[in-house]
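Per-chain numbering from 1; labels A, B and C assigned in written order.
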Amino acid sequence: MTAVAALTERMIRITARDDLPFAILATAGIFGFFNFALRNVIDTGQTNYAQYILPVIIIQVTFLGALSTVDRAAHDQRSGFGIGIRTLPVPVVAPLIARMLYCLLRGVLALLAALAVGYLFGFRMGGGFLYTAAFVILVLLFTLALSLGADATGTGAARSAIVRTGASSQLLLIPQMLLVMLSTGMAPADSFPDWLQSFVRYQPVSQVTQTLQGFAAGGVSVSNLATSLAWCLGLLVVFGALAVRMQRRTE
Amino acid sequence: MIELNGVAKTFDGAIHALQDVSFSVPTGTVCGLLGHNGAGKTTAIKILSTLLRPTSGHAIVAGYDVVRDPDRVRESIGTTGQVTALDWELTGRENLVLFGRLRGMRRKDARLRADVLIDQFDMEDAADRRVITYSIGMMRRIDIAAALVVSPKVLFLDEPTTGLDPRSRRAVWDTVASLSAQGATVLLTTQYLEEADALSDSIVVIDHGRVIANGTAEELKRRVGFSYCTVSPVNPADLSKIWAAVADLKDAQSDDESNTVSVPAPDGVVTFAEVFRRVDQIDVELADISLRKPSLDEVFLHITGNVST
Amino acid sequence: MTTDAALRKSSLAVESFLFAGRLLTHWRREPVMTVQALLYPTFLLIAYDLLVGKSILKITGRDSIYGLVPTCAIAGAMFGALTASLAIRVELDWGLLPRLWVLPVKRASALTGRLVAEAVRTLAGSIIVTLVGVLLGLRFEGGWLAVIPFILVPVAVAVVFSTVLIAIAVRSKSSMALILVGVFSVSAVFASSGAPPVETLPSWARLLVQFQPMYPTVQYMRALAEGGPGLQPLLVSLIWALALTAVFGPLAIRGYRAAAGR
């Protein structure tokens, strides 16, 4: 386990200057931006807009973090250091675990930043301790699942030109943006055109943000909770297995 | 063709990269600028190729002042840098054509010229691959070819063979020799005395931003001298015994750190034979005994009287 | 090894095209980044329109598309310029810049060449976004000829914005400054988009939005499409453009020279 600790520490030291502050600033920035831009545009009924969009902002930041994880995993795979590690008596999955620990750390920081900024704009956790804990756990589950997927991509395709040049994370920006913007996390389903509403309602980002909104409010529908958990745990298992397999692979 | 007169360059008011540098390179000759890293060689080249302006002093290249007529200077020079300066995303051929056209050639002429250079530098197979895929030796070849696209009157080569394997290094040496034979003036910087020796008609030695020696390779070697004969025992404790055997020879020195005794060998092999004879008599197991050419450090040692950093 | 080829005299136009051609070849060889830069504003437009279109219509009674297309076209232009300027830092590390600087080319040609390449790429993106906008309901009430200036405005924005970015890129050690400028500028564009409508903003924010260079630019493009009075926003935009170029153009060139000397 000391190997994992050492690798994690190394990762933090390397990225502490750019990535972590960026995660915090990006969270605050994106939240501020969307809040100001859309709060008088989108009709969220009773709920304060800040209260409404906080979950989707967290999801968006998680996506952006996952994109950087793709590049980081690929870099670890190909860099001199990464290759050298594989000749040491260090468990093969240690670098993977280290990266995931880092992602979780960053996720926690981003979450704290979001909650802090959200609080300034009127976001409140109305559900009491258990619901708040559930909120945090769901966010971290989602973060981990996405990060594992990103890691698998980065490690598995590290040699391909598309990943090597960083083009892969750029490419994934578009689908990710669509998923986030066309979700009930940004606006209630009926503010979207009719033909789009079923997609908006049932896509995974909507499900997860809806659950998070519920947790923040203190009440969540069982079917929604089940769907969100199914998505998160399902992705976690699938991506987790994939990530481990990619990490274990030797050429 | 190249003339520096009291050139000085100070960075940020505090770093004196060059101080009162003066020397000249006659047309059609090769001059080697010799010095350690940080001595000021690259700064001098940058000033001569109009990348930097001297803080004081004058420099004339191909008849034009580098400060007053930089455009005309640029029309007459070709440069290569320590870092190969090529567009990595373009192929070798495309790089040559680009540089040709930027120098004023028409596209067709640039293409023909690129063909000639590719052939001359033996790069047929690699010419149409992106430079990013090249080995260092190939990059340097294209780098030098790019400097030659429009046969320049003056050529600046900044450490052209650093990092090259012996075969590629030889190839560069041959190119420089033939260029000079065709009338170009070449100023090349190097850390290696043997390279300066092999290529240059004259050598300028720079240290800490000053010219500390200037002359032909022969003159310089005569100043430094000669080869050195060095002896190293297997057992460092025996060093003193060796020292005792040769201490009376002129300028002999003993160095505990490197575990060697060195004796200047003005008579070359004759001195070597004498040293060998004496050492042989004292029955010490030797790790090494050899006759070697003076290193750059020894050149500096002799010229400056102190070991350069 | 003498060449008998006649050498043409140094010309800014030819050299700019050579430098532009070099960059366009780069982008052609990295199709993913280029395609992405062209498509990103398009998808942004579609997504944003789907998100707020219905709401804006309800609030202002006007189709949001008239504000969104200019916004996304300009945002796309800026995004592309930002990505390209980040590449300058990489090129600085290559050592290519000094090499090019020492050639007998006009001092400004490396810069103008880059701007030409940016303009070409932005033109392609601008056309695509406008086309998609038309598909989503954008109409040119002022006559279809207005399409031409409409498409050219993002190109002009790209050129001026690139100049600013290049001036920064050749001087700063890290990409932080560039990203910050990029973020602010894109935010400014979106603030000018009409979603949210300026009327709904608190008065201090309204002032801030209306006095930055992106606002008249977007307003001008809107006027072209809606057929409204465009002269005033056009003039204000031109003044901004000229001012920014006058300040950052020389800074960019001087920065290039300094960077080449390093």
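Points to keep in mind about this one:
Operating definition for what follows: contacts are C-beta pairs under 8 Å (C-beta built on N, C-alpha and C of every residue); 3 or more make two chains touch, one makes a residue touch a chain.
Just so it is clear, the structure is predicted and the values come from calculations on it, not from any experiment.
Ranked by how far their CA centres sit from the centre of chain A, the chains are topped by B.
Core chain by CA centroid proximity to the global CA centroid: C. Centroid to centroid, with C-alpha atoms defining each point, chain A and chain B lie 55 Å apart. Chain B and chain C have Cα centroids separated by 46 Å. Spacing of chain A relative to chain C, judged by their CA centroids, is 31 angstrom.
Residues of chain C found to touch two or more other chains are 30. Every residue of chain B that touches chain C in the complex is listed here, in rising order: 46, 49-52, 71, 74-75, 77, 79, 81, 83-90, 94, 98-99, 101-106, 109, 112-113, 130, 146, 148, 150-151, 178-179, 182. Put simply, chain A touches chain C in their complex at residues 29, 33, 36-43, 162, 165, 167, 170-171, 173-174, 177-178, 181-182, 186-187, 191-193, 196. Partner chain B is touched in their complex by these residues of chain C: 1-3, 5-10, 14-15, 18, 22, 25-26, 29-30, 94-96, 98-105, 260-261.
Those residues of chain C that touch chain A in the complex are listed here as 30, 32-33, 36, 39-40, 43-44, 47-48, 50-56, 58-59, 183, 187, 190-191, 195-197, 200-201, 205.
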